[in-house]
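Look at the two complexes coming up: subunit A is in both, with subunit B in one and subunit C in the other.
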Partner chain A sequence: MIVRGRHPHLRQALAAALLLAPAAALFGVLVAWPAMRALWVSTQRWTGFSPRTEPVGGEHYATLFGPTAMRWMPLLGAAVLLLGATAVAGQLLRRSRPTARAQRLARRLGGLAMLGIVAAVGTFLLVWLLVWNDGDSFFRGCVRNNFTYMIVGGLFHFVYAFLFAAALGLPAFRGKAFFRTMIFFPSFISAIGVAMLWQRIYDPSNGLANFLLRLCRIDPFAWLSGDNMLNSIIVCGVWAGVGSQMILLLAGMQRIPPTYYEAARIDGAGEGQVFRHITLPMLREVILIVLTLWVIGSLKVFGLFQAFTISHTEKTSVVSVRQYELAFSNRDNIYMMGYATAMAVVLLVLVVLGTMAMRSLREREPLEF
Partner chain B sequence: MTIWADMLAAQSAGPGWLGSLVSPWTVLTYATVTVVLLYFSSRTRLPMLYAVKSLWVAGTILAFLWVVVTSMGSNQQFVQHPERAISQFFDPHQRLTFAAGLFALLAVAAMVLMGRILPARPLQVRRRRAVLSLRIALGCVAAGVLLVAAHFNGYGAWYASYATALLVAHMGEYAVNSALIAVGSVLLTILTASMAAYALSRLTFAGRDAILYAFIAGLAIPGQLILVPLFLMLRHWTLPAAGFSFMDSRFGLILIYSATGLPFTIFLLTGFFGSLPSELGEAAAIDGCGEFATFRQVYFPLAAPGITTAAIFNFLGVWNEYNFALVFITNPRLKTLPVGLYTLNVSQQYAANWPALFAGIVILWAPTFLIFLLLQRQIIAGLTLGSVKG
Partner chain C sequence: MHLFSRLAAVTAITLIGILIWDLNQERLEYPGRKVIIYASMFGPGEPMQVLYGGPAPATASRTPLGPGNRANFVALADAWPGHRGRIGAAWRTCAGRNWPADATPDAQLVADYRELAPGYVDKLVAALNDADRGNRLRLFDAFAQAHPQFDRRMILQFERLHPAWTVGLFEDFERRHPDYKVVPRWDSRWVLSANRPRFLTGTDVPDLITGSLAELRILYRENLAMPLDQPLPDAPVAAWRSQGILRGEKSYFDPSRTLADEFQPWALRQSLYRVAPEDVAESGNPFPAGTDVLYMLPRMVSTTVVFANKAHFRKVGLPFPPRTIAEFEEDCRKLRAAGIEPIANDGMDYTPYWWQWMVYREIGYEAFMATAMNMPGAKRFAGPGADPRYLEIARRLRGWRDRENFWMRDFSSSQWPAAQRRFGSGDCTFLFTGTWLPAEIAGTRSWDPDVMDLGCFVFPDMTGGSGRPGRMDVGTQGYVLCRQGRDPEGAVLLLRYLTAEAGELFARKLNYIPVTQGTPFPRVLADIEPAFSRAGPEDFVGLGVSWYAPRFNKFVLTETYNRFFVVLKDNLTPEQFVEELERRAQEHYARNGGTAK
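Now for the complex of A and B:
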C-alpha cells in the first residue's frame, strides 16, 4: 500500500467518511431509521384523524394472532432467545480461531441453533395456521396464501426454470438466443403490466384463455372466481418469474465441467443417476441462491396480487396487500397504520426466517471444483 | 366497477368445465409431472424440451401479439373476435394490406435468418451491434409498412386508442414523470453508491465491515415495513419556503427510490470495485493523485461495466416500482406510469375500453423491451455477477 501524507490512516478514514456520508445519510434516514421505527409504530394506534398516535402496547399482535397464540408467545420468545444466544456463541467461538475440530463443532452448533429457531417459529406459525382457529381470520388467510404461493409457485417456477436452463445448456439445442430472449423478457415487465395482461387474458367473456378454450371446443373456465384466482395468479407469476431463475441456473450449469458428464456416461450412468450424482450436487449453491431469492420475493410479493382485482377477499389477498389496504386504501376512511405495521413486522419475521432456513442449508462445506 | 360485476355474473353461470371432473389446474399439474418424467430418459429429453419451450414461447408471443393487435382495434372489433385481426392483414381481396402483411412476414423471416447469414463471433462487438441494429431497423420498417397500409385501407384509426391513452388518460404525462423519476434516482443512486462502494472496498478504516453488513442487511428489509413509518415521518417534512414536500413530489420520490436502491447497488459495486487490481491505485498515488482523484479518474471509469449493470437494474426497478409511488403520490398530475395504468384499469370510464388499456400496457412495456433488447448481455452478466458469484 502506498503511504500518502503524514497520517495515512487518518487521511484514509477521512476520505472514507466523506465518500460514505451521502449514501449513509440517505440509507440511514429513509431506510434504516424507518425500519427500526416500524417496531415502535406497530405498538401505536393511529387512524389518520388525530394529530398524535396513541400507544396500545402489544394489542395489535394479540389481535393478529389471537389469545391462544399469545399464551404460547412467551415460551416461543424464550426458545428463540436461547437458540439465538447459542448461535451467537457459536459464531464467537469460530471467530476466536480454535482448533479445526472445535471450529467444526462450532459451525455445526451454529447451524443447528439457526435450524432450531426456524423449526420453533415455523411450528408455531403452522399450528397457528392449521390448528388454532384464532386471531384475525383475514390475516390468517393472507399468510396461508403467501405460503401457498411460495410452495406451489416455487415448485412450478423451479421445475420450468430448470428445464429451460437444461435446454439452453444442451449443445444440440437450436435457436438459443431467441428462446432465451422470449422466456427472459417477461421477468422485466413491471408487476402491474403482468397483472393487467393476465387479468385480461383470464377475462371470462373476452379473454384470450377462454378464446383458446372455445377454439378447442371446451367450456369456458372461471379463471377469476374466488376459488381459482390464487391458482391463476400463480400461473401468471410463473410465466413472469421463470426467466431470471433460468438465467441463474444456466450460469451455474455452465460452470460444471463437461468432463464429469462424459466420465459418467462412459461408466454407464443413466440420466437419473447423472442428475442425482452430478447436476444436483454441483448446482447446490446456485439452487440455494435461487430458492432464497424466491422465498424472499414470494413473501414480499405485492403488485401482482394488488393489481389483479380491486375487491380482495381472504382467498386472494396476501400479507403485503392486506397491509397496504388497511394502512392507505381509504375505502372505509379508517386508516389502521399501527395494525398494518404490525403485519409488516410479521412479514419481516417471515422473510428473516426464510433467509435463515436457506442459510442453515448452506452452512455445509461448499464443493470445490 | 361494472366490469367486475359482469365477471362475477359470468362466472356464477355454472361449473361445466368438462363436467368439472378435471380443471386446468389438474391438467397443468399432470403435464408438469409428465414433463419431469420425460426429462429422465435420454431418448425423450430433447423432443420434450423442444416441445415445452416452443409451447411456452408460442404462448408468450400469442399474448404479446394479442395485446398489440387489440390495442390497435376499435373498441369492440378485436376484443370479442381476436381472430379477425389476422384476416384483416391476410385478406387477398384487400390487396394493399395483403401485400403489406406479406412484406411484414418476409421481413420477420429475414430478421430471424439474419443471425444465420451474418454470424458474429463472440468478440466481434461492432459486427454484433450492426446486425442487431439492422434487425431492429427491419422490424421497425415492417411495423411501419403494416401501419401505413392499414391506415390507407380503412382499417380504422389504429392510433385512436394510443391518443386516448396518451392524451385523455394522461399516460403521456405519467410516462414523463416516470422517466424523470427513474433518471433522477438512477443518477443519485449511482453517484452515492459508487462513492460508498469504493470506500467500502478499497479503503481501510475502522468499522468497514460493520458498515458494509449494515447496507447489505438492508436487502432483507421489505418495502412494506418502512412504508408506514416513512409516511408518518415524511408528511411533516416540508420546506414551505422552497415549496418542497416529500408528499406529492417527484424529488421526494427520487430520494426514496435512491435510498431503497442503495443496498443492492452497493452490494453489486463493492464486489466490482474489489475485483479491480490495486496496482492501478498505487500508480495513481505515485503520480500524485489523492483519494478522490484516484476514485474519480481511475476506478470509476474502470468500473464502467459494473456501473452500467447497476444503472440498468435500478432504472428497471424504478420504472416498474409501484408500492411507494402509490402511497406517496396522490396528485393526478404527478403519478408514475404503473400507478397511472392501475387507475386506468379500475376507473369507470376506461375499464371497458380495452384498446386504450392495452395501449397503456404497450406504453409501459416499450422502454423496458427496448432496454432489454439492446442490453441483454449486460443484464445477464449483472444478474449472474450479483448472485451466483457474490
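Now for the complex of A and C:
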C-alpha cells in the first residue's frame, strides 16, 4: 500500500527508512553512542561519581602498552589505515566493474587486506606480549591469560565437542538422549554456579579432586595456587562449555544429507575419507561459527574468573576482571573509569581482530546442499 | 505518517513515564509519608558477616530464636512449662537432636521470657518451626503490640529473642515517627557501585549510605557527602547553619546533650577526613587542602588483631598471649613441633597484613608512611638510602613461610573462607584479621572449649624496634549523609535515633567496638579491652597507605607483595621483592608528579 503513487522508489525508500528507524534508533542509542562515548571516556580521568572529568589524551593507552609499544603505534596505525583503504578500494572496484575478473580481484584484495590487518595487529600484540617488557605488566598478564584461555581452552573445547558430536552422531550409538543431556547440562548452569561448584572440587583439604588423588595414593595438588589456577579454570570452563559447542556441531552433522555418505561408501570410500571429504567440508561453516563464538566468548570471559577467587594476581586474572576491579571495586577505593574503559577498548579491538581472523577463513564460496 | 508519529509519541511518553515511575517508586509507594532511603552493605536481620559465615546449622533459617538458640529454647520451655511439649518438638525438628534435658536454663533469659505476654508466646511457639523469614517481622509487630511497656528498650529486648534487629530498628523508628518511612536498600559490599549511577545523575540518591570510612572516601573527595561538623550556610535548619549538624543537633533521648556528646572522642577523631590537595584541584571539594572534616558519623569500629585458639596454648603449655615477635615465633615453633599448624590464611587475603605490621613494629608507622608517600629525606625500600630493615623483614617472613612452615598447608591455594573455617574448627592456632571474625565464624566454629577457645591479642611488639609498642589500627564504619538526598532533616533524625539505639546491637551482634558513650565492649574481645580502654590518641596508627594512597597500595605494595609471598614458581626473592617495590614505587611517583596517590 505504502509504495503506490507517482514516485514508488522514493516512497519505497521512505517506507524502508520508517520501518528501520526504531531498530536504527535503538542501535544508535544503545550501541553506537555508548561505543563512541567509551572511546571518549578512555581519554579521560574519571571516577564515575560526578560528571567532572579530566582529559588525559592517550595517557591511559601509553600506560597500558608502555613507551616502546607507543613508539611503534603510529606505524601500526598507518599500516592498518593503508590496508583498510585497500579493502575499501576493492569494494569500490567490485561495485563499479561487474566483470567476473574484477569481482575476483576485488575479493582477493579485500581478503588480503583483512589478513594484512590481522597479521599486522597480531604481530604487534605478540611482540608486545613476549618481547617488550614495559607498560602495565598486570594488564599484559591478563591479555596473555585471555589468549591462553582462548587457545588451550579452545583446543580442548573443540576437540571434545567434536568427538562427542561424532560419537552421538553414530547411528549405532545407544542412549544418545541421555549422553546428550548429560554433556549439555553444565551449559545451563551460570558461570558463578560453575565456579562455586569447582571451587569445592578443587578445595585443597576437602575437595573431590584431592580426595581422588589420595585414593590413588598421589600427593594432593594445589589446584588453586597462583601457578595452577588458570589451568584449573580452563578444565572447569571446558566442562561447562563443551556441551553448547557439541550441540551446534551435532546439528551441523545432522544437516548433512545421508545420501552423500551412502554414495561415498558405495564408491568404496573408507570412514577416514568420508570424514575428510564429506563431513569436514560440509561442517566448515558450522565449525567457523563455533570457533568465532568461542573466540569472542573467551576474550570477554568474566564470570568464571571473577567468581573463582576474591584476589587475583597477573597469573590468574583476565582483561574483563581487571577492568571491573579498577572501575568498580569498593575494596580498593580506586575508581579508574577512564583507565578501565581504555582496557575495554583494547578488548574490543581484540574481539574484532579475532572475528576478522575467523571471517577471513570464510572467504570461499559456501557449499550449498 | 500520522499514525507513525502518534505511535512514536505514545511510545516515548510511555517510556518516560516508566522511567519517572521507576525512579520514584519507593516514594510513590508511601503516599503522605516522607521517605528516607537508607543504602547499606548489611542485610536485614542477617548482617553481612553472618551471611558470609553461613547460618548456624539447622537454626537460623528454621527458627526465629536465631543463633545461640539452644539457650533460648531451654529458657523458653522453663519459663512457659505449658508449651514444653511443642517447644521440645520444634527443637527436635530444628536441631535434629533430642531435647537437652541436662541443660541449665539461663536465669536472665528465663526472666525475660516470663515477662512476655501469653498471647505473644503462643505466636512465638507456633513460629518456632516456620522457615519463613518474614515471620520474624510479623513477630516483631506482635511483640511491639503486646509489650508497650518495654518502650525504648524494646529493640534490645527483642534482639535478645530474635535476629531481625536491623529492620526492627527501622520499624521502631517509624512507630515513633509515623510520618516517616525508612526504605532500606541492601546493596551488600557493592553499595557504592550500586549507587554510582544515582550519584552521577543526581536522581534517586539515598539519603543515608553506610559503609567503612575508607570505602566511602570517594564521596568525601567528590563532595557528595554532607560535612557533619562544619557550619552549613545553606542548610534548612538554623542550628546547622551556625554550628553544623554534629553540634547543632541534640541527642535523641537526652536533649541536654548534643549529638557529638554521644560519641567517644577518639571515635570522632578517627572518623575525620583530611582534605587532600587533589580533592580541591581535581574533584571540587570546597574545603582548603589539609582541613579535617567529619563526613562520616561512626557507628562501630573494628581493629586488626591476631585471633588465637587458647585451647592449643593450654595443650602445648604456652603462656598466652605472646608479647613480642620473638615469643610469637617461638610459640609457632612449639605448636608446629606438637603437630599443630600455627597460622591459618587464605591465599592472598590478609596476607600483606603480616608484612605491614612487622614493618609498623620494626620501622614504625610514620617512617613507613614517609617512605611510601615519598617524603623528602625518608629512607627507601631498596637502593641508595634504603632502610635495610625492609629487607630483613622480608627475609624473616620468607623464613617463616618456607623454612619454619608456620602457615597452614596449601594456604596459597586456599580460598576464603576456608582458612577461617579451619581456624574455627580447631585446626590452626592463629588467624590475623579484623575483629569481625567472631561473628563471621559464629555459625561454623566449634563451641567445644577443648577444641576452640577463642582469644585475641594485639600484634606483638618487636624487641628493639622503632615502632611504638602496642599501637592498634581502627577501622571505622558509619553513616554518610548524602548531599543529593531529598530529606536531610529526616535522615538526621534517623541518624540521631540510630546513634542512640543501634550501638549496643552492633557491639553485641557483630562484636564491633562501640563508638558511643556507655556502650559495653563486646565480651568476645575482652582480651584487648584493657589495651583499648587505656589507649590515647598516639596509641592508634593512622589509616595507612590504603587510605592515603589507595593506588600506590594496590599497584605497588599489594601486587608486588603477592608476587613475593603467595607461593609461585617464580616467586620474588626477598632481595628482588624490595628492589621491585622500589622500582614500581619510583615508576608510580613519576606517573603521579612525584607523589603517591
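Heads up, the rule we're going with is that the second predicted complex is superposed on the first by the 316 of 369 C-alpha atoms of A that agree within 3 Å, B and C clash if a C-alpha of one lies under 4 Å from a C-alpha of the other, contacts with A are read in each partner's own complex, and residues count from 1 in each chain.
Criterion: a contact is a pair of C-beta atoms (placed from the backbone, for glycine too) under 8 Å apart; a residue touches a chain by one contact, two chains touch by 3 or more.
Since the model is a prediction, treat every value here as computed from it, not as a measurement.
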| item | value |
| --- | --- |
| Chain touching more of subunit A, residue-wise (subunit B, subunit C) | B |
| Contacts of A:Leu26 with subunit B and subunit C, given as first, second, both or neither | first |
| Touching partner for A:Asp203 - first (subunit B), second (subunit C), both, neither | both |
| Partner chain in contact with A:Arg52 - subunit B first, subunit C second, else both or neither | second |
| Which of subunit B and subunit C A:Val131 touches, first, second, both or neither | neither |
| Partner chain in contact with A:Ser311 - subunit B first, subunit C second, else both or neither | both |
| Touched partner set for A:Ala100, first subunit B, second subunit C, both or neither | neither |
| Subunit B versus subunit C as contact partner of A:Phe328, first or second or both or neither | both |
| First (subunit B), second (subunit C), both or neither touched by A:Ala222 | both |
| Residues of subunit A that lie at the interface with subunit B and also at the interface with subunit C | 18, 199, 203-205, 220, 222-225, 228, 309-311, 328 |
| Complex interface listing, subunit C residues touching subunit A | 4, 189-193, 196, 199-200, 211, 214-215, 217-219, 221-224, 282-284, 347-349, 409-410, 412-416, 418, 422, 546-547, 550-551, 553-555, 559, 562-563, 566-569, 591 |
| Touching residues (chain side subunit A, partner subunit C) in the complex | 18, 45, 47-52, 54, 63, 138, 199, 202-205, 220, 222-229, 308-311, 313-315, 328, 330-335 |
| Complex contact set, residues of subunit B against subunit A | 4, 6-8, 10-12, 16-18, 23-25, 28, 32, 35-36, 39-42, 45-46, 49-50, 52-53, 56-57, 59-63, 66-67, 79-80, 82, 112, 115, 188, 191-193, 195-196, 198-200, 203-206, 208, 211, 214-215, 218, 220-233, 255-256, 258-260, 262-263, 266, 278, 281-282, 285-286, 290-292, 295, 316, 319-323, 326-327, 338, 341-342, 345-346, 354, 357-358, 360-361, 364-365, 368-369, 371-373, 376, 379-380, 383-384, 387-388 |
| Touching residues on subunit A, where the partner in the complex is subunit B | 1-2, 4, 9, 11-13, 15-20, 22-24, 26-27, 29-35, 37-38, 41, 46, 53, 156, 159-160, 163-164, 166-167, 170, 172-173, 177-179, 181-186, 188-193, 196-197, 199-201, 203-206, 208, 211, 218-225, 228, 231, 235, 239, 244, 247-248, 251-252, 270-272, 275, 285-286, 289, 293, 296, 299-300, 302-303, 306-307, 309-311, 319-320, 323-324, 327-328, 337, 340-341, 343-345, 347-348, 351-352, 355 |
